[in-house]
């Protein structure tokens, strides 16, 4: 019961994140949505580590690493976004269209 | 044991509620007490007495972002350092060596930022 | 913790070499005055990668082993793929040495060691025996790649490429991690072997299938296959050419290493509700097959319309990823063999092509395929080399590309029942690909020149071109060279832990 | 006392109990803020050869702050037309709530403490970081150039100094082997960490001052440069809550310094007969005094010096401190 | 024994030497390029004569380790070993000699090519290597390898040195043949994967020896074999070309430089016939039976369709192109007959058509060079200006229509003889094509040689302007001069060969007999 509640929460968060990441035009929101997805992953890991069929500390460790990596990715993502903003003066994904056949 | 855990977070929740209630209460009380005589002049943005011009949400200096990014990286590293520090006694020499390597890598990152003049505010 | 100290650290020699080189170059780059050329750094990095390659080759005869609680595996698979990764990395670094964008190249130092870090990530990925190391090394590769894509800070195209890469990569990473979390949840361990063993006892076919699909989607980003291929053309076009070459070759190889390590190890013996109850992987075969077919078709058909060389090679890369995925989908005994062979060959021919494109971009500032027109007249050898790479990419016999493709074909039809439809799709898309490859050949040899003659090929590029051309020819006419090496891996019998 | 309550089964009665206790603490804190401000003005007056407040509430101006608060309460509330209204209203609350929440984990004595969580220190650092959001939000929502600049500066400063703060506290965690603040105090039974970790203490103190936005690091509110920083558009009680947050943080930070480095409620050597609460209060007051002292004596640093100091001096030093601590601990213990 | 390798790769010597010749030294290039085609010719003729004296061609077999694809415990030692294997029999020898002869003649005729001769000769020699290799390969993979060499070489030769629409022609050549090759590759891959070998003899053994069937890596069902044969035949049908796939042939014939068309029509098309005989009949005799009727039907369609369209063409190159389609139909008919006469006829027809089309295209090349056009409407009365040329052209036309005593007759006659034995009705319909052949070849040639140069559009109702190729638009080059010595030599040799084969078909039949006999045994009588 506990586990499935966490899993459901994570799944919902993940789906919201995925939906946002795939549909939103504002890059900042897209990046935040990606973070949302990653956080859903962390909930999963921690929930499994505590209430899973085979509880083990590996889940916590994995969550820590996921957090760290997500931060690194966010940092690079923001850096890319800033660089993009400085050259194009926009943060809308659909205006990132200078690269086309 | 588990009660301590649950109760502790209950306390934190209570504190959160109190923290939210106080400003709400105070501001509501203030609404009853304070005068309310709005005018256009009062609602203008304060710019040292000049008439406000332009939008103030201008582009910031990039250095703010740079510091923000640096912060994100270094702050997250504590995710590894804190657990390590807590169980340091039980880990032995290997953990020390490993963490020194980690810190050296962090330091290299810092030196990199330093050399690239990221740390310069002006 | 004693066992950690007593681990055989020399097993990680190639990784140590690359890591040490990366850090040393980083420090040197910081210490050197800013007006000094960074070209020697790139050469040094290429040398380090070559050294690591030799170290890897020296380890081939040794049996498989693992250290650090089976998180780092040095089996035949790891060695084989590291060999390709390092070869690709070294060649791409040669391209970095001659990188000369029109705004100057103030970030060549970064270019060099970010590439080494990415290479390190790819190598660790080939060697990992644990979800965690797999994930972290994947991200080391990915994050470094994002930076590589955006290294031309003042070029809008490069910025856009980096942004798109990050967003797509981030989504893919999240999807894959979500799959990993389910895998972990079902087994409670992150060790790949442990997961495989525990999964045999689980009875959660639907969650497992979901995990599989999530992982597959996540991996398909690295592979640039359907459904996550859309980033490739934009990123390839916008990124600096050496970075593009790196993505095309090393990232792709690493992606297939990931695919095999992750999906095959975990799911080969997992229970399933599908058509083969004993193996989830086999029950998912139809899906992979469809994805492979779609990838091949989309890659080759859309490539027909491209005028940018980098974009063209991006789509061709998608098509090639489709061929590789087809080799994977067949799941014959030749699976890993043929993938290895194909990736090796793909590395050689692709980097060779990118080296020449790098030269054209350096000289003309554009990668339109008009830039190739009449190259034959003033640079006959360059044109001949490019022609060779194109023929090889097209899979014409006499070049390495043919042998690799033949091997995939054999893998496709050797199983019972054979994947004839996939083989047919592959054959037809190959012929479609003739059109755009030969279109370039037409430009090279038939058309008159419009532009000023290109200058001489600089040392780094010519080294890369010569090495790649020799390799392509040698494997084309004496494939025994590569197959003898492949035979040493013993058909990756020790792949499953 | 508290321990029993903590071990009882959670329920509505517990909530009511904790609510009561929390409200009590809130009252204490508000009292502290009221008289802390007065004390600050008095001490500064003394140091600057002035008298300080002496009109309202007797010769010592005991009701001065109360009067100030009442004045704020009666002030008209104005919200600039160009402001982002919801965010503008929300910002002071966002800034204040975490400042109060961090108090939940601080143990004042053996008995007088609230939540007992294993990651107390981490909790403090994490939650206190949220205030930055309120500050930036306030600066941004005001739609005022000064406010925005002040908000940005505040954010930059707070995140910059959070790193050395966190890293220096790591030395303490290393020695104590726990992040639970009670355990950390317990670990100082023999030696206070100010002696075991002098470098960490210095870094922590400096970073703490900067985190509190107090002189010499009060750039976000530098009146002479930015009018009043991020809260230039705020008035009345909205402004009061920014101010309140600042002084609650003063309270919390002083308590934290006491807990981390000054041995909490542990007595000095032979003076064990004095109750722990008194010891804690004494140390706490000493820290507060030092902070006020700083304010009266140090000139404000320049913005560039401020940032570079954090990254180029404090951060490397704290890294060195971590390594040193770890090495020493590995060799000698 | 390196004889076959030497034979196949001897043009390589020419390629290497040519590399060192300056681009501008055209005489030297022409001389060297021609000389380079002589060694294979000598070797091929030597082998031909020796085998005529009873030398056993199997003794020429060569095998060398090349690549071992897999080394798995459950496989036998020989499995997945692809060796470099060359080996010929009478059937291959005939085609090798044809190739060698036509290559030399094409090199001689290459004096008609004026631009970038160095590159031209490099690729021409590469093409020759490919063609020789295709016929010498004793291994499917190497067969394919050499086949693709010809593909690339032809693409470049057509695309760079061809007429006005050369690139289009090159692309359609590439696409059609690429598709054929891809199909072939799939078949090869299946065979290799299932049997573990690509060697013709071993494959034959594996597929037909019940004892060896147990050694198959994976089973090959009857239905599977039928699919394989179907794929094989389809692949070669594209290359032959059979009718729905013939468009590329027209383009290539019209646009390619004449010496290249000589080789293309003379040899490359015959690879398909060779492949059908060698692999279709050789490896899958039982399954071939069920396809024979379809093949014959397609052959008849080819013959009639090609001939009818040839009738409608007003441009000499197109006439010849469609006549090629028609004549390749005869090859299909021979194969479809599936008896000794039929197969022999198919080979005869291949060789004969090779020689005749080479001659025709040589003459067309000269014509285009002299007159700047090959449009029949704009040519006429050449007998006066170019009597020698006209004589040759007439001979070619006569050979084309299958006049007894010339090579064409032997092939057509034998093929139809074969078909009459098995499917008389179909044969009767197909024979109509022969009548058309007489009409279109004579009509075209007589118009050119004797007719008056005028626009005859009004004479033939409803003609649209035939698509004019570049060659038909240019101005006459170098005035109207008759066939000159250098050009007359290849023409003369070709005529001599045509006559020789026509008069003494035993010349070809001798080496073929044994091979065809073996194949008929495989077919079970």
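Some notes on this structure:
First chain written, first letter: the chains are A, B, C, D and E, and each begins at residue 1.
Definition applied: a residue touches a chain if its C-beta (ideal position, glycine included) is under 8 Å from a C-beta of that chain, and two chains touch if they have at least 3 such contacts.
Quantities reported herein were computed from a predicted structural model and do not represent experimental measurements.
Taking subunit C out in thought, with all other chains where they are, the connected groups by touch are A, B, D | E.
For the pair subunit B and subunit C, chains touching both partners: A.
The chain closest to the protein's centre is C, with centres computed as averages of CA atoms. Remark: among chain pairs A-B and C-E, C-E carries the greater number of C-beta contacts. In terms of the distance between Cα centroids, subunit E is separated most widely from D.
Taking the mean of the C-alpha atoms as each chain's centre, subunit A and subunit B sit 20 Å apart. For this pair, subunit C with subunit E, the centres built from the Cα atoms lie 42 Å apart. Spacing of subunit B relative to subunit D, judged by their CA centroids, is 13 angstrom. Taking each chain's centre as the mean of its C-alpha atoms, subunit A lies 63 Å from subunit E.
Those residues of subunit A in touch with two or more other chains are numbered 72, 79, 86.
Counting partners per residue, subunit C has no residue that reaches two or more other chains. Pairs of chains meeting the touch criterion are A-B, A-C, B-C, B-D, C-E. Within the complex formed with subunit D, the subunit B residues making contact are 3-12, 14-20, 22-24, 26-27, 29-31, 33-38, 40, 42-48, 52, 55-58, 60, 64, 67-68, 70-71, 74-75, 78, 81-82, 85-89, 93, 96, 99-100, 103, 106-107, 110, 113-114, 119-122. Subunit D meets subunit B in the complex at residues 5-10, 14-15, 18-19, 22-23, 26, 73-83, 92-93, 96-101, 103-105, 114-117, 122-123, 140, 142-148, 152, 155-156, 159-160, 162-163, 166-167, 170, 173-174, 177-179, 227, 232-233, 236-238, 240-241, 303-304, 306-308, 311-312, 315-316, 319, 322-323, 326-327, 329-330. Residue ranges of subunit C in contact with subunit A, taken from their complex: 131-132, 135-136, 139, 142-143, 146-147, 150, 153-157, 159-167, 169-171, 173-175, 177-178, 180-182, 184-190, 198, 202, 233-234, 237-238, 305-308, 311. Residues 65-72, 80, 119, 141, 144-149, 151-152, 155-156, 159-160, 167, 170-171, 174-175, 178-179, 181-183, 185-186, 188-190, 192-194, 217-219, 227 of subunit E are the ones touching subunit C in the complex.
Those residues of subunit C that touch subunit E in the shared complex are 333-334, 337, 391, 396-398, 402-403, 405-407, 409-416, 418, 420, 423-424, 427-428, 430-431, 434-435, 438, 441-442, 445-446, 478-480, 483-484, 487, 491.
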